[in-house]
Each structure stands twice: as structure tokens, then as C-alpha cells.
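Note that the chains are named A, B, C and D in the order they appear, and that numbering of residues resets to 1 at the start of each chain.
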Amino acid sequence: MKAEAVAAHRGGMWAWLFQRITAILLIVCLAIHLTFTHLLNIGDLGYDNVANRLAHGGLTAVDIILLAAGIYHALNGLRMVLLDYWLTSRVRALAVTIFLWAVGIAFLVYGIWGLWPWIGY
Amino acid sequence: MSDIKFRLKRQDPRDKENPEAHWEEYTVKYEGENLTVLEGLFYIQESLDPSLSFRYGCGQSICGSCAMYINGAYRLACQTNVKHLAADVITVAPMPHLPLIKDMIVDMDDFFAKYEQIKPWLIRNSPDPEKELIQSAKDAKKIEMPSDCILCGSCYSSCPSAWGEENYLGPAALLKAYRFEVDTRDEAGRERMPDWDNERGVYRCHTIMNCVEACPKELNPTEGIEWLKRAAVRRKVFRRAK
Amino acid sequence: MSKKPRETANVGAGLWKATGMWAWLLFRISGLILVFYLGAHIIVISTSQFGVGGGTFDNVMNFLDHPVAIVLDVALVVAVLYHALNGVRIILMDLGVGIHRHKVIFWSAMAVVVVCFVIFAYVAFSYLANDVGPWNGALGVAS
Amino acid sequence: MIHHDVIVVGGGLSGLRAAIEAKRAGVDVAILSQVHPCRSHSGAAQGGINAALGNHPDGADDTWEKHAFDTTKGGDYLVDQDAAIQMAKDAIGIIYEMDHWGCLFSRFNDGRIAQRPFGGAGFPRCCYGLDKTGHYLLHTLVEQAYRLQIKMYVEQYVAKLIVHDGVCQGVVTYDMIHGGFESFTANAVVIATGGAGRTYSNSTNSIISTGSGMFMAYHAGVPLKDMEFVQFHPTGLFTTNILMTEGARGEGGYLVNGLGERFMEKYAPKFMELAPRDITARSIQTEINEGRGVNGQGYVHLDLRHLGAEKILERLPGIRDLAIHFEGVDPIEEPIPVVPSQHYWMGGIDTNVDGATPMPGLYAAGECACVSVHGANRLGGNSLLETIVFGRRAGADVVRYLETLTDKRPNARTAFATAQLMEQMIDELGAKNGTENVYVLRAEMTETMKEHYGLFRDEATMKAGIEKLLSIKERVKNVGLRWTGRVFNVDMIRTVEFEGMVDLALCVAEGALARTESRGAHFRTDHNTRDDVNWLKHTLAYYRPDTPGPRLDAKPVTLGPFELQERKY
């Protein structure tokens, strides 16, 4: 162990806390999302059908929260796994964190873009 | 009662002729009712193979020297009676996932370096009173569990987070941090916090609970680590003192 | 302090009989599966931007009605349910609830997983069998 | 060769406390220990630590004078009264200091440190942390040692003192991890290696308590004092001799014989189970010898059942665990089978009240030293106190000693030669084709000590015991080293230390034979009264390289305010 290596890693509480907050958001939103998409409307997934459903603004909001929280939760989870195995140096950990943030924001933008046809339907 | 077989994992990495790990079997005399694994090892060392190395201390489960991997679990050799193992063969190996020195001896330097890292002492800023510091019986009870740690290293060796990440402080050190942070006499405030409120500290704990399974004193390091996580939130988000 | 070579011969030993160890391992695996699923899902949804009047999206959806895809969906549900309910257990422990009874809570969570899964599997397989969902149109959502 | 101003041998309570005291005065100090300091035998202490805090409602008017008196009376007046008074005075500050350093103490409802009654004490003055007081104290001091960044060399078996012109200048150690001998030079050495309990086969002590510090000093010419006084704890587990704390009786546990009687009313009607240890232990042994053991076997019962599960779990969880793990008995449901077991070594390296031995530069503190505050019999709760009080005093005196030194350069040639000597000795041992098995001899010796120098002694058995010990000492010469590897050679340590253990055993034997009286823990059936006219004096034992046994000498006892009286409890 290198004492400096331990000392170099400050913080982590916010990442941990947001992981929990997003987890709770995900459970709630995912339950709504799955119920409406797969239990109540199974077999009818189609462009117009989705558009009808998302006409209820609430469900659009749920999907967007799901998207944002899901991306954060997924990528932070991935970061956790990486930290466990090979992100021992602070520089590397920082670089990966920044990279994952960039990927996350890109996916968020791309995801909203994907939802856009229905939002503006 | 008849004799009992001990299967020991032997390795001397500095032995030029045979540096590899290998298993050796010994037949240990087992006449009476009681035989602890440590007594068995002493029998082997005295009568069968003087080259066997293992740590020993008190022989009464308080010093923490003889934590080993016995029949698939972390156990204190002195505390383990072979009759409770209910096995024909007693398999003894050093604690896994730690650097090996010889036979049952593992290198605990990192373990203690991490222990030292979290400032394992009471930090006080106000002047000490003439008499004792007043602490309610209820508050004293809170530090009992973490104070009972004997630093045997079982939890540290069993923690998957520590296997992959050499800088993770590990359950024992974090339990020690909890022991002081939860103590009403401690006035560290934010002084000790950076050492455990850290990606190499409490947030590397994924509540796997192996440490709880492994602990021969039946302590619960996870409880302490989770308390620390909440304490971090209390302090940083809600600006509380403790 | 110099980096010491870690012993390798013993790696794999550990507490493989411990509940928490398996719970964590499956949690991690299901988590990684879900990370990749999330990426795939976003890409699938984004097909709404292609084709005329959502044609590409409808094609993809029809393709995903294939029985194999539905079986995979059901497997995905297992991963989601497991990850979600074990996650609930972890959050409870974070809150200081049930640290001394984590195994009981784990198996209770698993019971919830099974119940939820049975509901999903029933819906999914009855759809596979009848090409129609049991509650199709129940809420009056236009089909 | 490594140099430090002060070297402390042993990392138990007294060693750590001495090191802390010296370090706080700005001295460069290092601890050498056979095990990591947190693994020291001090941690196995259970019951508590005495100090006249007066926190207990029944002991509100307790004072250090009364503590000193109880100590003196408990020690059957062989106590140096100035030392006992010093210890009782220092005790109060020591407890508060440990509390300020974060040691866990059980508390009364008002938040003050709780106290429980203990054997031989007129007042409930034993401060405790559950039944793991030693463990909590030890870890607190280890933590303080880390805080002060005291250099610790762990897993160094200290084998020999470096003595130049009669002045102690360091030690030679066997480095167990790296293999090989290393010499550590210093201007002062503090020995704090603990007792020699393992010379008895029925000991409550750690396996590492072999008295290595004692015989190291003894071989270097420092006298050992009062070695014939060996304490037997009344309650060790029947099969393993593991300690069942006196606190169990302090909390209200009963001693019951095979007939179901609380037999202590015959022996100590006033104090009952809380009589001093020597008296309680002899009472138990008498019951057993007269056939009133449980089921006709050699043990009596320690009965805690009437305390109730709640009190046992709250106050005595540690001994419950021990009883379950090692004896298979749950004290909540069953009485615990107990026998008197060797527990403490009242004698030791002759030191003054500041821990200084007759050899310049050599200090001793703790169980391996004999100040003497325990006299002929130690009271429960005084040993933890002694380690910390005299550890601190030794640490402070070392600093004063260093200031008086003009030449602070230890002689490197002597240090080197001493290490060479050890190397040579090991090489010779390794080359020798041993005809004797050291472990057979060890078993014989420990059994001899148990049988011949136990609770009841008489001339004939003791003489026979000396014969046996002398023959064992002779046979040690034929012992060879069976494995010559250098890394963590357990066999080497256990072989090398054995001869020293026999020497200590001989000191006990010769001292006990010479003392024709009964005093405290030393009870002779052929001289069963105390003889203050001839024997109110300390025994000193000097090493003679050419003769197997020690040369005995005497030293007067320092008397003080407490008049000699008969011991009645």
C-alpha cells in the first residue's frame, strides 16, 4: 500500500449518495415505465402507440428522469467496478471519471434526441 | 478417539530448492476429548516437522496472532476445537490474498500501515478535565463492538474489495475509524475524516459482508462502515458535528 | 512502501459459501449486463429519428417481437428485478436497517423477485402463446 | 547495526507506557517485540485495574492510603511500602490519563468510570471495561504509540543483552521475518517482557510468556528477586487453564464444591469468594485434595447462573465466550469447572521504584520486574496498574539517566561481538547431533514445576523437584537444533529459550526451598506460619555460569506506615 495513493483520493461521498438517490428514482420510474410499456400495452409497441402514451406529459417526464438517472447509475456503477480492479492511480481514476462524464452527457443528449419525435408529436 | 489427519499448505518462497506451494499431510495424536488446531500445529512442529512456521500468541483467542484458513473458513487456530469441525481431515492454509512469508505466516505490514492511516487514536482539542471525561453508559456501549477487534486480519483477507485494490483500507481499519468517530470523547471533527471519507475508504465497501462472516470475534465491521457513510452525509450535507 | 508480490496460489479461496459474497457477485454481473442493455436501449429508441413516420422504429419493434427476443426480455427482467431488490437491501443496510439480519432480508428480497418475475413471465408467455396480452387495452389506451 | 537512544524490549502495557513516556520527553525510542505490540499478553487480562477513584457508592471514602494498605496486607507484608504507596498514589492519575486517551471503561449511570469489588480489597475500587480490561488498555496504548510514531520492530526475538564494561548498551535480536541476527545498540534498555508463566504446565499465560527478559537479565548478572512467589489464580478453566476473571466473583459468582456447598465460608467468612487469590486458590485445592471436587474429579464449580443471562451478557461476555469455546460450557446455563492455575509471577528482575536495575543502563518494568509492590501475593487488579505505573516511571527515569550520560556512543565492537556470539551459538546448535528432544524436556520441566512447586510445598517434594530440574539442566546440553532455516524458525526460538526457562525454574525451586516459612503465595505444609523474625526479607538470586543453581542472597524489605499484622479475611 502507498499511503500517498490513499491520501490522494479525496471525496467519494457525493458519488455514493447520488448512486443511492438515482437507485431510488430508477426503482420508482422503472416500475411506472415497465407497467405502462410492457404490462398494460404488451404487443402494441409501435411508433404511434408510444406517441399516444407519451402525450401524457407525466410519462415523458418519467422517461427522461429514467434516462438521466439510468445513465448516471450505470456509468458510476461501471466506475465502481473499475476502481475495484485497476484504477489505483489518482490520475487514471480522474481521467476515467472525466471520460465517463463525457460519455454520459453524450448519451443523455442522444437519448433525448431519440425521444424528441414523440415529445414534439 | 483415534488420531487425526492434518493437511497443511506449506510454502517457503525463499527456499531455492522448493519455492512452490504444496500440501503436506501429518497424523496428529488425538487422544483426549479436546484438541485445538493450534495444539495440533504445535504437535507437528514439536514431533513431526520442526520446519513448520506459524504465528502464536496467547492461545486464548484474544491476541489475534493465529488467524488461519482452516477447513474453508477464517478461524483462530487456538479457538478452533477439531471436534467442532466434524471433519476427518483438518486443512490448514495461511490467510489467502495476503503476501506470503512462509507456511502460515502472512505479511501484515500493509494491514498495519492502513490501520495507522486512519489515525487510530482519540483526537481531542479541548483541555482534559482533572477527572475522567463523562460518558454515559449508553455511549460507552456504542464503542464496545469496535473496541473488541483483535486485529487478526481475517476480515481484511476475506474482503473482495481488498483483493482487487491494494490501497483499500479494509474492514479492520475502517472499523477502527468508526470506533473513534462514534466515541463521544473524540473531538476529531473533520480531522480524521479525509482518511476514511474517501474512494479508498468507506466507499470501496460494497456491503459484501464477508468480513462479518470471517470475523472470529463475531464483530460487524460493515455496521461501522455504514455508520461512517451516514456520518459523512450528516456532516457534509446536514452540517452536523458527529 | 514497496509493492509486494501478492500470493497467487490461494486466490479463489475466500468465503464462497457466504450469502453476501454471491449476492454481491450476481449484483455486479447483473449491473454490468444492465449497463450494456441501457446503451442498447437508447440506441433502439433513437431509431425513432429514422425512416418516415417512425417506420424504422416500427420495424425494429416488430423484429423484437420475435420469441427469442421475448425470452431474452424475460431474462433481462430477472436481471433488473435482482439488481433492484438487492439494491433495496443495500440501501436498507446503508440506512442502518438489518445489518445484523442481512441474510433474512436478502432472501425476503429474493421472494419479491420471484413474485414479480412470475407476473412478468405470465404476461410475456401468454403473449407469446396468444399473441395478445391479458390486459390489452385495460386502461383504455388506444391500440 | 541499528541505534536508538532507548530500546524497549517487549510491547505490552509496561513497554508501551515506558516508550510513550520517553518519546514524549523527546527521546529517540524504539520497541522491539516478539509479536506485534497489540498481540501482547497484557491484552488477555480481564478483570480490571485498581484505583481509589471513589466512584462506587460503597467506596466513596476510598483513598490511596487504603489502597496501599490493602496492597501491603494482600502481599503479606513482603511489600516495599514506599513502592506500594507510590503505586496507589499514581493509580488515580493513570486511570484518568487512560480515559483521556480513549480507553473504554464501563460506566456508572452518571457517566463516571464504574468500579467493581475485587479480591482482597476493602472497597470496590477495580475500574474495568467489561471483562476485557487488558485488551482495551493495551489497544489504547498501542494507539498512542502510533500517534507518537514510536518506531516498532515487530517479530524480533530479543536473545541477548549487549553489556560493555558492566553497562547495558543494547540487545541482539533474531529477526524472524528476514532471518538472521541483528544488533541494536542503545544508551538504555528497558526490559518489559512479562512473566514466565509457561515454566508451569498449568498456566493461564500466553504461550509467549516464557520469561525471556528475565533470564536475559539474569544471565547478564542482574539479580532476580523473590522468585519463589508464584501466584495461582483460583479460577482457570479445568481443561485448558484459561483464565476466568476474578471479576466473575466480583460480580457475585459463587464457588461451589462437589457437595454443592459454598465452601469459602469455611476459609474466609467475611470476604467469602473475594478473599485474596492465594487464600482462595488454596481453599479450592484443599477441597479438591480432600475429595470434595465435583464428581470426585479435580475441579470445583464457578457458578454464575444466579446472576442471570442479562448481567452475564452485559458484564462478562468475554469469559462466556471463552467458556463456550474452550470448555463447551455456557455459564448462563451451567456452572463452569475451574481449577487453580499458575497465573502471575510476583518475583522478577530486581528494580527500584523507578524501574532501574542494579546494572547501569538497564531498566525493567511490568511482570518481569519486581519492584516489589506485590510482595508475597498480588491482589487482583494490581497487575495492570503496576505495568502502567512502573512503565511510566521507568520511561521517565530513563530520560533522566540519559541526561547524566557523558558518552552516548555504545561500543560497536562489543555489539558486533555479541551478535557474532549468537550466530556462533546457533551454528553450533545446528551442527550438533541432538540426542535429547527439547520438547520432551520442556514437558518434563513444566510438569515438575506444577507438581513440586504448586500451591502446597514441602521440603521433601521440593528437594526431589530440584533433583529433576538439575538433571533436565544437564540434559539440555545434548539438545541440538533440528531445523536450521532462518526464516521464522519457531523451533530455534523454542530451543534457545528453554535453557533460560530452566534457570528461572531453578531460581523458584532454590528460593522456595530456602524460605522456611509460609507467606502469601508461598505455602509450606512443613512450616505453615509466617516467620517475620527470620524471613521478612527479599530473596535475591544471582546467576552462576559454572554452577547450575543460583547463588541466593537477601535484601531487607522497606517498611513504612503499615504495621505488621496477621492476615485475616
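Basically, a contact is a pair of C-beta atoms (placed from the backbone, for glycine too) under 8 Å apart; a residue touches a chain by one contact, two chains touch by 3 or more.
Owing to the predicted nature of the structure, the values given are computational and were not obtained by experimental measurement.
K.L.:
Out of A-C and B-D, which chain pair has the most contact pairs?
P.N.:
More contacting C-beta pairs are found at B-D.
K.L.:
Find me the chain with the mean Cα position closest to the mean of all the protein Cα atoms on display.
P.N.:
Ranked by how close its C-alpha centre lies to the overall one, first comes B.
K.L.:
So, what's the distance in Å between the C-alpha centres of chain C and chain A?
P.N.:
15
K.L.:
Starting from the mean Cα coordinates of chain B and chain D, work out the distance between those two points in Å.
P.N.:
Measuring from centre to centre gives 27 Å for this pair.
K.L.:
When the C-alpha atoms of chain B and chain C are each averaged to a single point, how far apart are the two points in Å?
P.N.:
Their C-alpha centroids are separated by 35 Å.
K.L.:
List the centre-to-centre spacing of chain A and chain D in whole Å, with centres computed as mean CA coordinates.
P.N.:
63
K.L.:
Where in chain A do residues touch at least two different other chains?
P.N.:
Only 1-3 qualify.
K.L.:
Tell me, which residues of chain B touch at least two other chains?
P.N.:
Within chain B, residues 110, 113, 160, 166, 206, 229 contact more than one other chain.
K.L.:
So which chains actually touch one another? I want all the pairs, not just one.
P.N.:
So, checking each combination of chains, I get A-B, A-C, B-C, B-D as the touching pairs.
K.L.:
What residues of chain B sit close enough to touch chain C in their complex?
P.N.:
9, 11, 21, 69, 72-74, 93-94, 96-100, 106-107, 109-110, 113, 158, 160, 163, 166, 206-210, 212-214, 220, 222-223, 226-227, 229-230
K.L.:
Per the contact definition, I'd like the list of chain C residues that touch chain A in the complex.
P.N.:
It is residues 1, 3, 28, 31-32, 34-35, 38-39, 42-43, 45-49, 53-55, 57-58, 61, 64-65, 80, 84, 87-88, 91, 94, 119-120, 123-124, 127, 131-133, 135-136, 138-139, 141-143 of chain C that touch chain A.
K.L.:
In their complex, what parts of chain B are in touch with chain D?
P.N.:
Against chain D, chain B makes touches at 12, 14-15, 33-34, 45-47, 50-65, 79, 81, 101-103, 105, 108, 112, 115-116, 119-122, 124, 128, 130-137, 140, 143-144, 147-148, 150-151, 180, 183, 185-186.
K.L.:
How about chain A: which of its residues touch chain C in the complex?
P.N.:
Listed in rising order, the residues of chain A that touch chain C are 1-3, 20, 23-24, 26-27, 30, 38-53, 67, 70-71, 74-75, 77-78, 81, 107, 110-111, 113-118.
K.L.:
Can you list the chain D residues touching chain B in their complex?
P.N.:
Those residues of chain D that touch chain B are 35-36, 38-41, 43-44, 53, 95-96, 99-102, 104-114, 129-130, 132, 135-136, 139, 143-144, 146-147, 177, 206-208, 239-240, 242-243, 318, 321-322, 325-326, 437, 439, 482-483, 485, 487-491.
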